[in-house]
């Protein structure tokens, strides 16, 4: 199975992408999309033979919802800071965050979440000490950020990438 | 008919023999001589055989069609005058061959000599037998070329090289003038046929172009005959082997000039212009040549100046334009050939036997070679105009003409006086030749003891001297009929009576002869002491060396001035060239635009502030990129990206989705590409601010700015003018109407690219493929400049940092830096592949297509290279871009050729709707396969270019051999100026 | 075979393309195979070109008219699709390209083809670009083929790499990129005004252009003209040329001899077609500019030839002279002069090509062994990872004599001295200049005719001085220290090229007949326009196959 | 009426996005460092992408969608290359 | 809108030409890029400006008046590709020249 | 062209979405222009790349789904792509800035875990 279809989730994702691009879920498109996704998956396999293990795909949905909610919140917060003139009230700063997540893909997802969310930015990951340096635009409570990242996202990701 | 074929054969056979001679072995001296003699005998025999046909003004002609459209047919024609020349050329030629057989050393490469000699003989015969003006010029120039080769025969001698080049330059120039003159005559007459021209004398003389034509013809004739002011080349031609001098510089080539004067005498002479120019040139040459000849110390030099002088005599005669003068001229042509050829041969023998031609070293040779001395003395006497020799007769006729000429008082005086003085001089130099060489004490300091040459070598001289005597004593029998034939063909049937008898009673000419002879002897006695001192060069004008002037002028004009002018009119720097290009383009557009661009209308499309703002961004980007491009390349690149993005938005705005997609993708690849290159460019620090700029640089900047602004305004104006004009009925509608119906696709632009105008796309992908191959080839030999070999500063610091720490390995920094982004970039790889295929598949109906898809695909590859590095990617993916390029071209080609099977032209698309299970009706256009070829090639080419660049960082850096900055101009070494 | 003949017009483009593509699949280590394929293909191209010329000559004779063979690509009707047109002129130039190609290729097989990768493919692509440029009847397609041949020429100009080559290449490319932009601007403007890209269609519509738009149209044509004139090397746009040609390897420079002719061809084709008699108010646009520009170029080329310090630069300046002569002859605006100019074009291209090949061989006389050293240093530097160049071919005896004769013939042809084709060419130009309505007709001679005729003759004299200087220095003043190593396959192409110059003299009559017909057709564009716009497609548009 | 409202609303949105581009280009010009400029270029791409999406809605056509799609997926490639050049001095090692 | 585009073409041309005439190879390559933008927009403008009239037809009876002229677009596409190729080539040549001469001056040596 | 029979609710909804998205993007860009340090500025564009994009794409989804008579959700791809790719650039640039600040010894930047390389 692994040999025939190295990345089943990727395959599904690419097929979905194909269908979305075609804006059609017709059988013909599914067949063609499957062929293309299959080929693309193998290209990926050639590039990166070691694959992440996805333990709990169902948690992905939860993660997405969570992130979307946070994005909306932080958007408003950052917009307020900018419109306030970017002066005085906010205090930006760096946080050094220890992480338990080791899976590279998991880390990549986490970095995307942290960076894509306005107000926080993933700067530097240190694989030896397993820490990440994060920059925060409105650093009122350092611990709150650590909690958000570690408990909301990392915990979920640890479940997904077992 | 038969005889006219022989007429052609006389000219052609020497050329064929010349080729044969060239191919004979180096040592075949006898074979060469026999061959050449046979050719000369053949020519002589045919000439003699043709004689009956040219008497009494008879003309024999043979025409061969060549380029009839241009009035250029090969016409060979012989009349009495040409016959006389043929006789001289072949007859003297035969004797010279015989002489040369003994003269040439066994060490000399004889094949070359005889090959050139025969070619020259053919050319000379061609000149005299040409019946077409252009053909005459052809053979004329051939004589220049062959004589150049003969003069330069001993090319290891610097005099030979210089003499040959000067002869070629002067006579070549004359030949070109002659060509133009002939073309003008052709224009006047309306034909290049000599017979027609000869019948059009009044037309020519009355035509407004007569004077230019005359001047040009004279330029040809006077250079060839070494007449003043072109006399200077002939003495230097004496560097040639003596047989060459005897033949070319006495009997034949220099005679070509006077031949030409005689040939055109009937149609060009007897005008004031002719009289003044020709007579002046002739008389000057006559006197001057004779005067200089007296003071020559080189035997051949003396003879050369004497030749110049005698040719001046002939020219003077022709200038006088009277029929009798023409008779005298023709007569003297033949006489001079006989005595001068024999004298040259004698000089050659003396040179041969004594090893020198210097009169100062020679003396008393009579006792060593009495026969040769006698012969030379007789010939010299002929040269001096001693009675009972042929020279006397024609000189008497000359004196008669000068004495009887009745024009204005000045001419009436100048001509006879000049003639007498020149006659006197000729006696002096003849005496000097005879007395200086053969009498006096035995020569001292010679390498060898001189003796008589082989009998056969002397034979030609004997024959010639015999002719001098026979003609001198019994002219009526010997030369009379031939001369008559020649004269009739020139002067016409109404030739006035002339007498060839030796004795005409006591008259003015006889008195002039007597004065010349007696005066010459007295002058020689007077000058004897001076001459014995052996001072080189003639008094008064000795320093006026024609050759030196010529060479100086030539070097100045053709070398110094040329170099200065080239520098002034041209440049090797890029910036001025580009500035000129822009300037000329502006001028080319401005001239018609100023003449009328028509009224400009208001813009038809309503204003949109968003678009204006977007272009605000675009313009800022463009200007800032321009400003930053010198010192902040990265910034310029960022700004360039901004301008490109705005261009892309513009394409979307105005209904060009395909353009937007392509522009965007190309933009991305270009950015990566330039960044790849940026690593190899030197660091640039801002050092010169505006106030330190030199004045020149500031002026240049202002000029460039002006050009740029004008160009920009022009483009804006033209673009605006077109956009505000209603579009006419163009070809665009056809494509819109038929794209789906006949092309099977709804994206009209794509259907155009792969079908209607698919051939353009074919060419375009070929360009891309070619460029990729070139880039690849060039980078295989790439050597970075020495200051770019090291790894970039950042990497050095980062690696040093890694190396310092015991807990870190080299390369950790980069790994950490890229760890997380690389994961994301790798995951995007399959996504990009899917996107590429999507864009490819939809291209025919929606924006997209093979090119865009190919670029997307290659961006996918490049992203992996950036994330993982070259080695990492190439351990995993095996890409053979060159094969992809080839495959893409072949797929496209095969698709195009597929239509041949059905009898349609290349690239005729077939499409139909196929029912495919589960998918339904799908348009299947063969153009899609073509597009697949495009896709394949674009992937291959783009990846090849980018990877080839990227590989430079991986390769072991090799420094360029060159120093970091090349200061001197690397142009090839200068060679000597001539 | 019959099928191939149906497609004769496009084959000179497709054959090199296919060959170039196929050669990409063969590894560089199999150079002999590549060389053999390349040679066979070029030979075949020559055959095709001969067929094309014969076809043009015969159809022209049969119809008594234009002799234009058309080929509608994709079976699309003119003027919508791209159409190829082979008339006498384009067929002749295709033939010339094939001849030069074959000779340059043969020469390169001795050494040069092994000096860098992809030589054979680039070579074929250049031929493709040349043939395409000569055969296309579409303005934008002409641009594309210009780019094809330029791209290939960039590759070949840089072939072998080396400092001088790369530096000259940089200038060459920069200038041609700028010129390509001008091409696009000009072509776009013409499209913007006239709304079509087919050259015949443009010509047919020029007269109808409104007066208010004429300025824009002519501006477009002017800009386009500048782009062509850069390629043709007109003064002051041609300074890049001597440097580039001198820096290029010998076979490449020999092939480049026809590159300037592409610019000339485009000027000739478009100026006479679009601004011919049918063009109404625009007729004759730009003629005077060509005349004076051409004359300036002749003068500059002559000066440059005199000032040249190396044989290669001398040759480059002779190219300029040749270009100037052709431009001025075109600008003179007389069919007779143009037919002479076409004769000159062929003759000078052959001779210059031969001279470029000779230049390299001459270098070997100057310093024995210098050739190998120069090539090695230029191409390899201190690089030891490349394969050694295998020198191929038999060394001929008596090389010096053969080279000398060849050089002399080159010199005669290029300086226009009798009896070779160069002289006939000049005569064939000057005679109609002085007698524009025929030799037998009485007429005035224009001042420009005097100037041009004088300049032609003078430039020949300058060339004579320069070439004799070089020849004397090379063959007479320098004594070689040993036999020069010249291979048969190196001298053979030279002999063939020069032999053709000699043959041109012998066959001058028929050749001039052909060229006169070609020139007359150019000066009467109605026939071309009618033939192209009426070009048949295979079936009606109703049923695509 | 409804169509007009939407048309002009979208026009206003486009103006806002264009102004956003101006703000971004300000930072590109101002710098002060290369990384500021590159971040801004990335933002410029984003703004332009959104502008095109709005353009598509404004004229009710999906023809331009792929342009936006390509910017969203590939627009970052150029900036990644720039960023890497900044950090390492070369793009591909 | 025509005016804006015309000005844009003008500015791009001006900047491009100015850079084309500069002595540093990098300036020239940026200049050539700007010129190619200008030229592409110029060619594009020859088809006149149309908003919301992309030449992607919808089938049925086609009224050409509803679509912009596709010809200039096809030309620009070819031009973009070719100018991309030439930029790549020029870049590599300038790198090679810089490698040989040690300078990035277009003439291969400092004045 | 926008059809004339567009429901008012749709045009309002789409209009509001798009305006909101455009506004957020504008604010983000203003932030980019105005925020004082680089590390602060990298937060600004994410306004546009997250919710700004989201709103505008939502408007697009609504509009095309209603007028096109079928669900148009391919806009979600743009959102995903933007969300995935924007961080890559930001991370790389931030890391480069960090590196450079440490090189120059800018005070407010936290040192590397390995200590700052003072050489």
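Here the chain labels run A, B, C, D, E and F in written order, and each chain numbers its own residues starting at 1.
Definition applied: a residue touches a chain if its C-beta (ideal position, glycine included) is under 8 Å from a C-beta of that chain, and two chains touch if they have at least 3 such contacts.
As the structure is a computational prediction, the values presented were derived from the model and not from experiment.
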Tell me, which chains sit next to both chain B and chain F?
A, D
Based on which chains touch which, give the shortest step count from chain C to chain F.
2
Between chain pairs B-D and B-E, which one is joined by a greater number of C-beta pairs in contact?
B-E
Find the most central chain, measuring centrality by the gap between its CA centroid and the centroid of all protein CA atoms shown.
C
Using only Cα atoms to place each chain's centre, name the chain farthest from chain A.
B
On a C-alpha centroid basis, what's the spacing between chain D and chain E, in Å?
21
CA centroids of chain A and chain F: separation to the nearest Å works out as 15
From the mean C-alpha coordinate of chain A to that of chain B, what's the distance rounded to whole Å?
74
Chain D to chain F: how many Å between their CA centres?
10
Residues touching two or more other chains, restricted to chain C: which are they?
140, 144, 147, 151, 154, 158, 161, 163, 166-167, 170-171, 174, 178, 185, 189, 191-192, 197
Where in chain F do residues touch at least two different other chains?
1, 28, 30, 42, 44, 49, 72, 74, 77, 81, 84-88, 90-92, 94-95, 99
Per-residue multi-chain contacts in chain D, two or more chains:
14, 17, 19, 21, 38, 40, 59, 63-64, 69, 73, 75, 80, 84, 86-87
Please list each pair of chains that are touching.
A-B, A-F, B-C, B-D, B-E, B-F, C-E, D-E, D-F
Where on chain F is chain A touching in the complex?
24, 27-28, 30-31, 34-37, 39-40, 42-44, 46-47, 49-51, 54, 70, 72-74, 76-77, 83-84, 86-87, 90-91, 94-95, 98, 109-110, 112-113
So, in the complex, the side of chain B touching chain E is made of residues 572-575, 578-579, 582, 603-608, 611-612, 615, 618-619, 622-623, 625-626, 629-630, 633, 636-637, 640, 643-644, 646-647, 650-651, 653-659, 662-663, 666, 669-670, 673-674, 677-678, 680-682, 684, 704-705, 707-709, 711-720, 722-724, 727, 730-733, 735-737, 739-740, 746-749, 752-753, 757, 760-761, 764-765, 767-768, 770-772, 774-775, 778-779, 781-788, 845-847, 851, 941, 945, 948-949, 960, 962-967
Contact residues on chain B for chain F in the complex?
794, 797-798, 800-801, 804-805, 807-808, 817-818, 820-821, 824-825, 827-828, 831
Given the complex, residues on chain D that touch chain E span 59, 61, 63-64
Touching chain D in the complex, chain F uses residues 1-8, 10-12, 14-15, 18-19, 21-23, 25-26, 28-30, 32-33, 38, 41-42, 44-45, 48-49, 52-53, 56-57, 59-60, 63-64, 67-68, 72, 74-75, 77-78, 81-82, 85-86, 88-90, 92-97, 99-100
